[in-house]
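Structure incoming, see below.
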Amino acid sequence: MKRALVIVLLAIVAMPLLAAMAAMPRFGSAEQPAYTHVAKRYLERGVEEAGAENVVTGVILNYRGFDTNGEVTVIFTACAAVIAVLAGSRNRQDQREAASSVPESLVVRYVVRLLAPFIALFALYVVLFGEVSPGGGFQGGTVFGALLIVMTVAVSRNQAERLLPLRIRPWLQIAGPLSFLAVGTAGVVLTGWYLGFPQGATAATRLMLMVLEFGIGVGGATVIASIFWRLGDEA
Amino acid sequence: MEAVDVRVLLAPAISFACSGLVFLMGRNVFWRRFWSLGAASLKFVVVLSMLPAALAGKTLVWNLIEFTPGIGIAFRADALGMFFALVSSALWLITTVYAIGYMEPEHAKVRFFGFFALCVSTTVGVAFAENLLTLFVFYETLTICTYPLVIHEETPEALRAGRKYLAYTLSGGACILLGAALTYQVAGTLTLSKPGIVPASADVRTLAVLFATLIAGFGVKAAVMPLHGWLPSAMVAPTPVSALLHAVAVVKVGAFGVLRVVYNIFGVELLKRLGFALPLAYLAAFTIIAGSVAALFQDNLKRRLAYSTVSQLSYIVLGAALLTPASASAAVAHIANQAFAKITMFFAAGAIQRTTGKTQVHELGGIGKQMPLTMAAFTVASLSFVGMPLTGGFITKWYLSVGAFESGMWWFALIMVASSLLNAAYWLPIVYLAFLKGPQEVAAAPREAKPSLLVPTVACAVWVLVLGTTSDVPGMPFALARAAVEFVFKM
Amino acid sequence: MWWQWPHWLPLAVLVPLGGGVVTPAVARGSARRAWGWAAGVSAATVAVSLALVIRVARGGPFSYAFGGWQPPYGIEFRFDEVSAFAFVVAFLGALAIVFSRQYAPHALAEPRVPYYYTLLLLDIAGLIGFSVTGDLFNMYVFMEIVSLTGYALVAISGERIAEMAAFKYLVLGAVSSLLALFGIGMLYGVTGTLNIADAASRLGAAASTMPVIVAVALLVLGFMVKAALFPLHVWLPDAHAIAPSPVSAVLSGLVVKLGLVGMLRLYGVVYASRAVDLSSLNWLLTWLGAVSIVMGAFFAIFQDDIKMMLAYSTISNIGYIVMGFGLASQYALVGAAVHIFNHALIKSALFLAAGAIIYQTGYRRLSDLRGVGRGMPLTAAALSVGAVSIVGIPPTAGFLCKWYIALGAFEAKRAAFGFALVFGALFIFVYYIRMVNAFYFQEPVHADVTHVGDPPLSMLVPVWILAALCLIMGLAGKVPLTFVAPAVSRLLGPLGG
Amino acid sequence: MIGILWDNFDYAVSVLLFLIGLYCVIAKNNLIKKFMGLNIMETSVFAFIVALGVVKGGSAPIMEPGARPPFINPIPQALILTGIVVAVSTTALALSLIVRVWRQCGTIEADELRELE
Amino acid sequence: MTLEMSRLFDAGLMVLLVLCALAVVRTKDLLAASIVFSAYSLVMCLVWDHRGAPDVAMTEAAVGAGVTTVLFLSAISKTVRKEK
């Protein structure tokens, strides 16, 4: 009975939403306000102003750079929150030695060992070519994070953790926000505005974009790996 | 004319500072007494020093805080405010002396004297309020400061009485807040300096709601009949609290508020035209009679005093509601007459309880022989309530009757006569019991109350007589009452 | 002058953000170093936001375009009078951090303390960012930062039902953020821009008003859940009562105000563009506010746990503010806006004082805390001052809001709500007087309560600063009132208020 | 209304998915299932916002030499990149809370947890 | 691919999406539900890629299908597999 009530309630909520959707500007039309106002300038002058062929990366890092600063802070907050909620549980130590619960299978272990460098290379490619082709810092970071997870599950936890040594892990986790702070202050020095990139695809803009991409990538990867390990420690 | 003078601010501030000092240094008995007595006398001197200016017609003004244009905390000592402040600061000095004597065996003295001083500072704040918002601010603070005093005994019964006291007074406060908001909305200002700020153009229904809310708000503390429930149950407090607060400070704030509403917010002409004051007059008359009848059946001395206060306060409300100069001067004068008479009785009751431990009326047989002076003061006060000439009470009854005839409603004069008879019915038997009826036990040797209890009682009794006889002498407070009336009736 | 320097505005967000993010790395696991660092960062934040407040007080609203891209093309921070809430956030956050010096190691497991300070600093950064940003999507991002840190801070104490309360808070918070994002998406679809001022000007020209109405409805619904208005308040009592006391102070005083500041921004957009008539929405908000006041007070009467009682009284006070919005008249809005500041002060004072009492005595229930007035004179006095001011007794800060909203109710010709407001407040009084009675006038049940002594200085000083402010802001009411009045008149200006 | 809705059927689908997610969050008992519903809601809102930026016959806004003019609007994509990160952060925190709830209360069924309180 | 054909392809993907979502809601076994959820993310990634939003498609694939599903699986392994 409860389910029927919920469904009826949702139907009632759906009415205004669908009516509003019908009244929205036509889907896919080139004259809709979203396309003709701010986006027009981004598309026309995006490349030389933002310094990246991939206009989306240009928008993310240059026009609306502060949003991505917020995003990087959110991903770090998630990591800090998970650690804050899960840290301090008694059985951290003994869990580390116990092999991962997945039954040991030689084929998986061998294939993962073989593929690991290629996955890392792919991740690096995605990060480096963020300006030119689709992808960017965070996507590359996630791929690298996935690599760490696969190694933890298939190979062994210690080997995976050797890639992110415990001593500098807190600094690695905040690579994203730190890179934004550095590039932001550089922007203030160069152009007088926080997160300001010098006009035109100069070398300085390219370098600053690259630093940002790397920061986000490293930050993203470490955070995803730390969350997975911390969640794994919870017996 | 108006003159900016810091003394208007100084008066409330002195006792406020005193309460702070008492809270800080109260542990040491000497300092506690020193600060209480010192502040009381200093405050009385400051208020007294403002008397000549007020008599000369000058009103002293001081603006403290301005929240937004037209709304703020400001003080103004006009004739009415001056009269009330004079009464309350004088009585505070006397009651402090009495309280020091009475509170010897009690506990938590620091808290008592601290909040005691705070209460009087808010009472004077109400007296000198320049606008309705300041009046409301001090009205609510008074409620909060009296709460710890009412439940001083910390017994469950005291807590219940405290809760009842708060329920009544805070709902009253809520009504006043709404009334003030509506006044500001209708009149555009809240000042109490003009004889009537509500425009006659406003529609009658809103004015009716406004009048009802404000009178209900102040009526709670003025103990008008349906809203008087808290007063008798608040008698559970120690005697100095009942004496100063429930005879003088708290209830007079309510009556003072009613005067302000009738004279300064609505104004006499508007009320006459609208006719709202008539139901108030009938309500006050009913309270006078019902209060006295209820007092008849109270065996506990302090509860009898409480019901007598309920009935006496409605004299002031009736005086205001008759809207004639004579009844107005009676209303203002009664603030002093009732205060001094009632406080004498409370002091006497306290002295009797402290020395002989008797609290019920039937136990008072032969007390006059034991405590002649205390009972003599008690007799003077009861004569004043009965309205015997030469006492303060007579002045009020006389001017009220004249006012009743002036207003054309002569039957209110009958109310005066009836209430005198009723007062006689429940005060004189006590006097008879005390002096003429032989004591039950063997001839008790005269054991008078301690001097610190006796002196204030006798002093108040003497002042009741002074009030009665010197109504026409220019320097005396009654002249202030007449000045206030002239201002209101624009004579 | 020094406060004219333009870069203070981004720094107000970046100092706590950067400081918070770096805390675990700097602290390397030691609680003392983490506290020192966090206190330093929060002090710097207070200084920066003070500069902003002085500048807006002197020169009126100002803005800062990130990366030099002028408003519609980049993200813009716009600081006006309402954003002065950022200073209140910084100040109270700093006091909460100072308060947690002894409280955090006592209440939390050892390795969690550095992350506790990280989350608190990020929470403050998110709140400041939310109240300062002029960009719709940026507002959503900051709202998420505040929500995420809020969920974790509720669950950080590790008590039995803390995780459950945090999860309930998380699900409702996430759903409300999604509703807000849906609304923001629709507004973007209709106007083509994410900048608030630009959206306000283009909203009038929108083709059809249906999407705008639904978008505003979704945003208001999302903000009402964040502000715990009556029907959507179920998550608040458990979350605020279970959380550690400094966190409850930040949650109840500041995070709950997020929705209300958001509503003020939204009203700014909708009133300016006049695209949509809000009278039916205002009517609903006034009614929900009134019901919120009564229900919040009603439930609080039956609570014996002191922090649960304070949590329910937050719901009542939110009811005041929302009713002020609903009445939409000049005085009502001024009263509501001022109460956002005042309630933050009062509620933080109450929660920190309650936290100090719980820290010293270990008891949470009022029946166990009888007679604590003698044992902890200063803390109990601060709690009583807070109680008196939350009820709204005149000389204290809580009174101004009631006075001005009552005035606004009469101004908006809806006297009934004035009566409901004032008499609803009496409900609140009942359970606060129970607290004061228990502290001072009732016999102690546990003997050790009466001689347990006042808490350490790091707790007592913040509590007393806030208690003193409750009184001072009551008398110095002129400061917030004249500060907020221009913002409200600008908001109601086009409507003739 | 239905005719127009056919043109905007993308928006309609994202509203439908939103409601399916909402149903799952409200009606389902298991906390993890509730959270899957929440993820579906999140993805549906992101689909709606990306659909806002789509232009018929438009290609990806990457300005290689051979790119043809009608490009997709880059702003919604920029927003959704941040949105997805926010979604995954909420998921990570929620799942850690669920694991702790399981450790503390031994069950992750909402109705049984309500009785425990 | 003409405009009509791509609209139909979109419609087909949308129907698939709704089916995946309903499947996630209906299945009792949490492990199956998380697998279907990662399928749902992949279909969403397909829709976006077809639409011409490769960045978002890649992120959704990496994060939606990858990280979220891994987190769900690790949470399920720590708690209970069957939904009551």
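Going by the order they are written in, the chains are A, B, C, D and E; count residues from 1 in each one.
Methods note: contacts are C-beta pairs under 8 Å (C-beta built on N, C-alpha and C of every residue); 3 or more make two chains touch, one makes a residue touch a chain.
Values in this document were obtained by computation on a predicted structure and should not be read as measured data.
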*What shortest step count links subunit A and subunit D in the network of chain contacts?*
1
*Report which interface contains more C-beta contacts, comparing D-E against A-C.*
A-C
_CA centroid of subunit C to CA centroid of subunit E, Å_ = 38
*Averaged over CA atoms, how far is the centre of subunit A from the centre of subunit C? Could you give it in whole Å?*
30
*What whole-number Å value describes the gap between the mean CA coordinates of subunit B and subunit C?*
44
*Roughly how many whole angstrom separate the Cα centroids of subunit A and subunit E?*
19
*Note the residues in subunit A that touch 2 or more other chains, in rising order.*
17, 19, 21, 23-24, 32, 34-35, 38-39, 42, 54, 56, 63-64, 67, 70-71, 74, 77-78, 81-82, 85, 134, 136, 138, 227, 231, 234
*asked:* Residues of subunit C that contact two or more other chains, please.
replied: 137, 141, 144, 148, 151-152, 155, 158, 163, 166, 188-189, 194
*Check each residue of subunit E and list the ones that touch at least two other chains.*
53-55, 59, 63, 67, 71, 74-75, 78
*Okay, what are all the chain pairs that touch?*
A-C, A-D, A-E, B-C, C-D, D-E
_subunit C residues touching subunit D - in the complex, by the definition given at the top_ = 137, 141, 144, 148, 151-152, 155, 158, 160-161, 163-164, 166-167, 170-171, 174-175, 178, 181-182, 185, 188-189, 194
_List the residues on subunit C that touch subunit B in their complex, please._
334, 388, 393-395, 399-400, 402-403, 406-407, 409-411, 415, 418-419, 422-423, 425-426, 429, 433, 437, 440-442, 475-478, 481-482, 485
_Applying the document's contact rule, which stretches of subunit B touch subunit C when the two form their complex?_
65-68, 71-73, 133, 136-138, 140-141, 143-144, 147-148, 151, 154, 159, 162-163, 166, 170-171, 174, 177-178, 180-182, 184-185, 209
*Can you list the subunit A residues touching subunit C in their complex?*
16-17, 19-21, 23-25, 32-39, 41-42, 62-67, 69-71, 73-74, 76-78, 80-85, 87-88, 170-171, 173-174, 177-178, 181, 184, 187-188, 191-197
*Taking the complex as given, what residues does subunit A use to touch subunit D?*
2-3, 6-7, 10, 13-14, 17-19, 21-24, 26-30, 32, 34-35, 38-39, 42-43, 46-47, 53-56, 58-60, 63-64, 67-68, 70-71, 74-75, 77-79, 81-82, 85-86, 89, 132-134, 136, 138, 227, 230-231, 234
